[in-house]
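This structure is in structure tokens; I'll ask about it shortly.
Naming follows writing order (A, B, C and D), and every chain is counted from residue 1.
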Amino acid sequence: EQAGLFSSQYGTQYGSTDRICSTHDHQTNSNHNKQNCPTPTADHWVRADQEEEAIRRKLKYFFMSPCDKYHAKGRKPYKLILQLLKIVIVTVQLAFFGISNQVAVTFKEENTMTFKHLFLKDYDQSSDDSLAVYTQQDVYDHMFYTVKKYLTLPEITVGRYAYVYDIGVNGSALSLCQQYYKKGQIDPANDTFNIDPHIVTDCIGVNPLSVPNTQLTSSYKNFTLKFHKLINVTIQFQLKAINIQTIINNEIPDCYTFHITIVMDNKAHSGKVKIWLENQATIRECKDPSVSGHAESYTRVTFDVAVSLVCLLSLLLCGRSLLRGIMLQQEFVQYFKETLDRKVCWADRLEFINGWFILLIISDIFTITGSIIKIGIESKTMSSYDICAILLGTSTLLVWVGVIRYLTFFQKYNILIITLRAALPNVIRFCCCVAVIYLGFCFCGWIVLGPYHVKVK
Amino acid sequence: EQAGLFSSQYGTQYGSTDRICSTHDHQTNSNHNKQNCPTPTADHWVRADQEEEAIRRKLKYFFMSPCDKYHAKGRKPYKLILQLLKIVIVTVQLAFFGISNQVAVTFKEENTMTFKHLFLKDYDQSSDDSLAVYTQQDVYDHMFYTVKKYLTLPEITVGRYAYVYDIGVNGSALSLCQQYYKKGQIDPANDTFNIDPHIVTDCIGVNPLSVPNTQLTSSYKNFTLKFHKLINVTIQFQLKAINIQTIINNEIPDCYTFHITIVMDNKAHSGKVKIWLENQATIRECKDPSVSGHAESYTRVTFDVAVSLVCLLSLLLCGRSLLRGIMLQQEFVQYFKETLDRKVCWADRLEFINGWFILLIISDIFTITGSIIKIGIESKTMSSYDICAILLGTSTLLVWVGVIRYLTFFQKYNILIITLRAALPNVIRFCCCVAVIYLGFCFCGWIVLGPYHVKVK
Amino acid sequence: EQAGLFSSQYGTQYGSTDRICSTHDHQTNSNHNKQNCPTPTADHWVRADQEEEAIRRKLKYFFMSPCDKYHAKGRKPYKLILQLLKIVIVTVQLAFFGISNQVAVTFKEENTMTFKHLFLKDYDQSSDDSLAVYTQQDVYDHMFYTVKKYLTLPEITVGRYAYVYDIGVNGSALSLCQQYYKKGQIDPANDTFNIDPHIVTDCIGVNPLSVPNTQLTSSYKNFTLKFHKLINVTIQFQLKAINIQTIINNEIPDCYTFHITIVMDNKAHSGKVKIWLENQATIRECKDPSVSGHAESYTRVTFDVAVSLVCLLSLLLCGRSLLRGIMLQQEFVQYFKETLDRKVCWADRLEFINGWFILLIISDIFTITGSIIKIGIESKTMSSYDICAILLGTSTLLVWVGVIRYLTFFQKYNILIITLRAALPNVIRFCCCVAVIYLGFCFCGWIVLGPYHVKVK
Amino acid sequence: EQAGLFSSQYGTQYGSTDRICSTHDHQTNSNHNKQNCPTPTADHWVRADQEEEAIRRKLKYFFMSPCDKYHAKGRKPYKLILQLLKIVIVTVQLAFFGISNQVAVTFKEENTMTFKHLFLKDYDQSSDDSLAVYTQQDVYDHMFYTVKKYLTLPEITVGRYAYVYDIGVNGSALSLCQQYYKKGQIDPANDTFNIDPHIVTDCIGVNPLSVPNTQLTSSYKNFTLKFHKLINVTIQFQLKAINIQTIINNEIPDCYTFHITIVMDNKAHSGKVKIWLENQATIRECKDPSVSGHAESYTRVTFDVAVSLVCLLSLLLCGRSLLRGIMLQQEFVQYFKETLDRKVCWADRLEFINGWFILLIISDIFTITGSIIKIGIESKTMSSYDICAILLGTSTLLVWVGVIRYLTFFQKYNILIITLRAALPNVIRFCCCVAVIYLGFCFCGWIVLGPYHVKVK
């Protein structure tokens, strides 16, 4: 008689798990049978007065799936249709953003590759991370090669780079520095050493030929390295460039500043000096963008606004449903307290809050925020591609995971999903046991085998 | 009593699924128990008059397997033997075509490889797709290297290539072009730019030394690139060759024209100019083929004709069986309507149309079409290797999949196949659930991680 | 009463499958219940006279496992111990041979590598199979490089090689040949050709400087290639060497003759000339072997003889057991015929022939033959390493597989092995179904995708 | 009644396996039902006198889990908390040691890499193990290159290396040796040879320029190799260095001596001379370590001492528990002997010895020993990194595996673990069968296929 009073939203017909506390003797409802909910006497249920009938009907309707609601009362499943629409437009928006983002990231990556080929001597792409030199002469050669290439950059490069002045030592454009220990008398022959581990940094500045202060241009050739106590040599400078490839996608170009650092690392003092180039790019809006014959495209912005509005509507509807659930819960608790003089346990109270709605609300908030940032990026008043990518990506992930909910409306899928959910705890438990042994082996293997083998590192 | 009136062709003895609508209370017949077929009263079946007996015998015979037919009436399973023969000859034909096709494709691939080694400077096979230059001088060097190699081709090449004249700019043989933006003032130093994104193409023609119009031969050295607004440099020309390797297989050689395009791509304006070579081959019949001492081999053509005839026979026999099924269905529906005054539902009507026959008919049509094209290719009046490959390949795939049908005639295999078919829907359903989550992760991963990692791209 | 009269040797206690024809109503005995064995009336079995009792005891004893025989009659399991001993010594012998064989094969492989580095220009080990040239000059360069290196071999090589004279054209040591079509007028410009596909071979001989006939030494520089109809260029010569590394293992060195062929292949006429080196080695006994201070080691030969004797003993014992089985079968058949007037079906007759004994006999024959060859190799009167390797390897494989038999003597293992054997037919059946579809896809994929992708080839 | 007298520690509630010998008719207790324990008559158990009640309570308490003990008697689970603490601190200690160890191993690896780049001609990192030469001139070139680089080492190297004098031939610093057969007349042309396999070693010493005995410096150029009987050429010398990188981790630098051996191996006499460099490092404490401004860090040593103390405490507690178990066992055996006049079988006696405690004791001993060595390493009086790594690594592995024990205190995990343990024997048995067949194939494959394929070697 009581079974079927109201059904959980997870399995309307098949996995129906009745949650009135008095029915806790059901063995299938294994998650909650450890909670000590009070068990009422059976005669409370015999009088089925008006009020009970009313709340029973309310509950029944509340836990129906959209399809059942349509069959029962003829209410069109507007929210369901809205969600299906959202899946499509959110994915389309993500795809558009993905293409824009790809252009920006590729520009940075390709410039890094160009700098490596231009500024590093004997650079070979296939063994990228193993560039190293072993003799003093080679260290000087690589160092001077880089500076020389920097000075002649405008003549040799295919791209269009501009120097950034007054950022280095003594207002120069390029800083050539060496770091060494304050004192570093090492005498392996006698097994003695006398070291002061404080680090001293010694820099000179170099300016391009175009700058009148010419004494800074050629002085770098006299830069002498203190090999016996050297820690590293760094060459730092900045270059500016404009990513005009975006014109093809009808977007206005961005301005980039590349912070380039070339490091010759002798920290290990093992006779091997590793060399690598780091490139950090910052994106800014260009001043005075002038693209002839370019009709500003409002289409994308319009689409983004549309997405935001759909998500806002979805947010409001889901919020309303969530609120209704909470209100119904209050009413239900009130009824139980007044009529039956019993408390409703927390597990049953949580049943009224639909987890899917919370997921949808989070997804909606992410999409709206992401869309606003995207509009900013497109109108070139913002350039935070990364945050926008994370927001839109996560939101799309959530929306797609939400599709699982719609599959539970089909009987066959519902059985499958309930089965999988029931099997999950045991699988996780087994993984825990394996993980513990695995962790032990990892720690042991890292120490005992690790340093002798490249792959374990 | 009614069970066994006629059996589905899928499982004569073991998976026999009786499909008379009145027997829809069988639980095993799960696919159709949702359809509302009318249920007749049982007494209709009691009078087993002449007509019913006749149609019952017809149905029984129709749904028998070839082996059962042989045992029942002694009818030799000609069609079965024909299909087994077809599997063999279709596979042999495919193997023959595969060898011919391989020769044609290999010739094209090896020529492409040759062109890359001849026309691209510093080409290295192991890093094929990463050829790129980073300095202005290198761009000029690579460009002039290609043109110079083209002009001296007959002296250096091991193969035998002929220039194709009058296809380039100003009736020249080779077109050397650059594309650039109409206006492209980029000033990264001040973060300003003034671009007109309309693309201007600027070409010069180059002619080999053998052509009298010599001014076109050396003028290419004056070709100046506008690096600051350059989009790409393309070198286009055509070469002709003859694939005489086919003589070894007793086939007449084909004539090839190679459309070679070398692209130096600066679209990204990232300081890196990617270089690649594209080679498109068109195959034509040579004029005036003269191979001394070559007796034209009719064997292959004869074999192809034989295959076509076998397939035509199979097509006719399968078509006849299909037609008989439809006619028997009409008769059956008529009988039900007149005698029992009931309609036969669609699920039962479809039982009369054997899916395997449709598969065989499609396969036969593909083989016949493919064989005709193959005869055309062998007699050098056609050269569409690709279409022929798809037709013959698909047809062989279908014929081999059809072998599954013959396995169902064995009792043990039939059980296995029916079991697998029953398990399929649940497996697909599970895959759907996984796919939805996977899709969500893909979209999210592509945007959030994609651009930073080469492998995800 | 009859169950347990005698048990199959496969499952003494657990999988006991009673095989007297009269007990064919047992459902577990599924393999043979289709055979039409005559079923006697039950009363035949009631009179258990003397004769029946005797044959029953004989059968019971025959089908016992060695352990049971020991428990029943106290007969020591000599044969079992012999087999366990055989596993050890056969494996040891194989290991000894493996080490010798490795030395011989390595010597050949390393010499091939040396020849590639010495005779091939620009040879790079990492891209071994892709050495190719694309210009006429390169073909001449590679050809002359090889001949020049051959002529100066004694001065440059680290190894000790001797020329082999009078094996080439005109009694020379090295043959330099080109093969071309008799007629090969190819005119791609006009799409015409005139080919006579008969192949003409044109050779010159080259002799090392040490040979007085000096005109053969330098004439090779005038060798002109007919590129427009060239099929291939081959350089063939022989070198002799002695593998003295075997002295370390106390073995007498072998003499090797290397047949070296360098091929420049233009068969495809695609502008790419592939170059490769083939090296075929023949092993002979050296004349006059003289190793000072080398005491001939008889240990190995002694061991090989011991192995042969053990295997011979095993062969005799297994043969005797097999013979006894056949004799007992005759007796049993005779008894059935005379007493019961019934025939014994073939399935039951085969039960008397123990498959494991056949396996052991084959293994023994292989080991004895292999040991004889091995003794021949060690005393340097034979050099057929390959045959010996196959014989000893296969024999060891069989002996190890035979270990499975001893595992069935343990109760727990017997259950496992019987279970696996029962599951095998269904697994094979499933694999058949998959294989058919897989084959279809393979044929289709090879033709449709194959030529365009390197990996499918 | 008797069931539940005392429970195994492995499954307090769920997998309770009663082990009194008289209850061996339980089918679940499958491990021991083959042992012939005496079965007492049932009436012995009827009289439940005082003594029995006492020992029963003792046993019950002994086999309780820590949680149950807490619930039963309120005893705080100090030992459990101590073990959980141990897991954390042992892992932290291992991580600290891992970082130190990594620095030491990396220093050695990078120096080896440096030596290979400095002393080996044409060394290429990507094809590390295939460096080989094929001509006599190349052997001399590589040999002289190495010696020349050694002599000029201080001028060229980036690191700081010191020569080690008086360790080579004639008190020199570098030994250049060749090994050859005493007699080695090989004549492949006539297939004859005359070899005396005794090995002769011929060495010269080379001294750096700084040493006054200059005649040893340049004489190496006259070193002539006897190629026809050469076995190998070795160059041996030692270099000293100091690993000052450890200053960054606030550790005092170690002194290293590198024993470098360069081998040119002609053992195979196959025309290919393989070249490789071996580097063996020995770590010693430096004399007179002087690091200005370096406050000796006592933190690590303090932590190591703390770890040792915790493990000592754990060792004592576990030892006490183990002892108590043995004492209770004695008492129990005594009781059985006196009261019931029965012996307790070994399987039941072993129940009293908790395997987990033994595991913990071993782990504790390892950690304490390892910690002492670690303190020695940190105070630079020891340098045996390897032993310390093995001790600490193994100990951490054992501690982590011990976590499994704590999981059995949770009901759900206990079921899982008992299930897995029950399935293990059958899995191992199956693996045995597969292993036997696999071994056979391995032996066969090694001999028959092995030498022809690189991967099988």
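Convention: contacts are C-beta pairs under 8 Å (C-beta built on N, C-alpha and C of every residue); 3 or more make two chains touch, one makes a residue touch a chain.
What you see is a predicted model, and the numbers here were worked out from it, not measured in a lab.
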**Message:** Give me the set of chains touching chain A intersected with the set touching chain D.
**Reply:** none
**Request:** Give a one-word verdict, same or different, on whether chain B and chain C use largely identical residue numbers at their interface, taking over half shared as same.
**Result:** different
**Prompt:** Rounded to the nearest 5 degrees, what angle rotates chain A onto chain B on CA?
**Reply:** 90
**Item:** Whole-Å separation of chain centres (CA-atom averages), chain C against chain D
**Value:** 40
**Asked** When the C-alpha atoms of chain B and chain D are each averaged to a single point, how far apart are the two points in Å?
**Response** 56
**Complete:** Multi-chain touching residues of chain B, meaning two or more other chains, are none
**Request:** Please name which positions on chain A make contact with chain D in the complex.
**Result:** 127, 130, 132-137, 139, 181-184, 186-198, 227-228, 230, 266-273, 425-426, 429-430, 432-433, 436-437, 439-441, 443-448, 450-452
**Fill in**
Residue positions on chain B within touch of chain C in the complex are 91, 94, 97-98, 101-102, 104-107, 109-111, 113-115, 117-118, 125-126, 155-163, 239-245, 247-248, 253, 255, 284, 286-294, 389-390, 392-394, 396-401, 403-404, 407, 412-413, 416-417, 420
